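Chain IDs A, B, C and D follow the sequence of writing; residue 1 opens each chain.
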């Protein structure tokens, strides 16, 4: 199941790219699970995902909690709390 | 004691002029007393001052209740409730 | 800074906005009241009490500046005859933070409805009548204590 | 009517105001957020989530229009690099009565601070850092229920 992942702000900077396509194993079923799996890559991923409480996510452009299931998702975004306006 | 009196909106229209100088007798001591005294003239004055609860006043450009004393006043304005903005 | 203008000429929003933004304050809130044409009104005329009006508006602005620590409060009010679509009143407040600017803007427009000597006369075709004061305006002004 | 724009170019207030006033609705409230230069910031850069940002802002505007029976809700948000004095965001609400326009304007700016995917990075000379989310913004957004 290939998914488009987007990164924004300091998450993007730490990882070094704004998007990538990934194909997580079947036991990765939630956004939090996806973050855990990506963090195993170490380097910028480990840095970006070090403090889970500072991460927010969207699945197919809708804001969701990190324990949201990712089955069927086409696009998942991971980013810091928003600071707009 | 000559005082400048100003009228606004429908008070002005009923009386037929926007201002006049008057010299009320000594027993006219409040704005309400001044209104009573002017209403005695009849005609437009009686019409303008028929419903006292619909009148508002200012003494020397400060909004005041109608029972305010007029001793020393230079300018008294009588008008309907304001409807600005 | 306080800016109070009562004028017979149209309100120039671009000029007013430029003045409001010149304060380097971060947050600018504005309110603009327009003559509505949706209830048959063909002309709105505003009468005021020259001198007393400006004093009342300046006192309201000073109160707002002190209460919300504004960088600026501006009230520009038009008087005389107007037609639907014309701007009747423009209020601008400038502050470091948005909450102060927005609250002060609401305060000023609520209070000037009941606390400044303006009177409106509406014309619908050949029929002209003075607008009655509204209890809802008194209630809106009263909520600011 | 809803107008949502996310743009890299400066926000044209005159054009936005003309659109807001075109509704013949009586009351126009606006909020403009400017880049402040008073705390040493030399550049503010805004990143956003294209597509999701517009959807979030449109949903907020639709909620405001329904809740306050607005004639119009507009949010114009700038992204990319900006300098002090530049307009970051412009919100306009148009309604028949002033209370609705003012409340809806405050609602939109409070909610877009926490509910739309924008991220700010401030530069002070050679030092750049991402702005942290503020609890006061969450509190302001939460008061709208």
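Criterion: a residue touches a chain if its C-beta (ideal position, glycine included) is under 8 Å from a C-beta of that chain, and two chains touch if they have at least 3 such contacts.
This structure is a prediction, so every number in the text was calculated from the model and none was measured.
J.: Common contacts of subunit A and subunit C?
T.: D
J.: Quick one: report the Å distance separating subunit B from subunit C, using the average Cα coordinate of each chain.
T.: Chain centres of subunit B and subunit C, defined by C-alpha means, are spaced 26 Å apart.
J.: Using Cα averages as centroids, what's the distance between subunit B and subunit D in whole Å?
T.: Each chain reduced to its C-alpha mean, subunit B and subunit D end up 49 Å apart.
J.: Round to the nearest whole Å and give the separation of the Cα centres of subunit C and subunit D.
T.: Inter-chain centre distance comes to 23 Å.
J.: Return the residues of subunit C touching two or more other chains; collapse runs of consecutive numbers into ranges.
T.: In subunit C, the residues touching two or more other chains are 33, 109.
J.: Among the residues of subunit B, which ones contact at least 2 other chains?
T.: Correct list: empty.
J.: Per the touch rule above, enumerate the chain pairs that touch, sorted by label.
T.: Contacting pairs: A-D, B-C, C-D.
J.: Name, in rising order, each residue of subunit C that touches subunit D in their complex.
T.: For subunit C paired with subunit D, touching residues are 13-14, 17, 21, 24-34, 36-38, 84-85, 87, 96, 98-99, 101-102, 105-106, 109-110, 140.
J.: Provide the residue numbers of subunit D that touch subunit A in the complex, in ascending order.
T.: 33, 46-49, 51-52, 55-56, 77, 88-89, 109, 112-121, 130-134, 137
J.: Given the complex with subunit C, which residues does subunit B contribute to the contact?
T.: Residues of subunit B touching subunit C: 6, 8-10, 12, 58, 61, 63, 77, 79-85.
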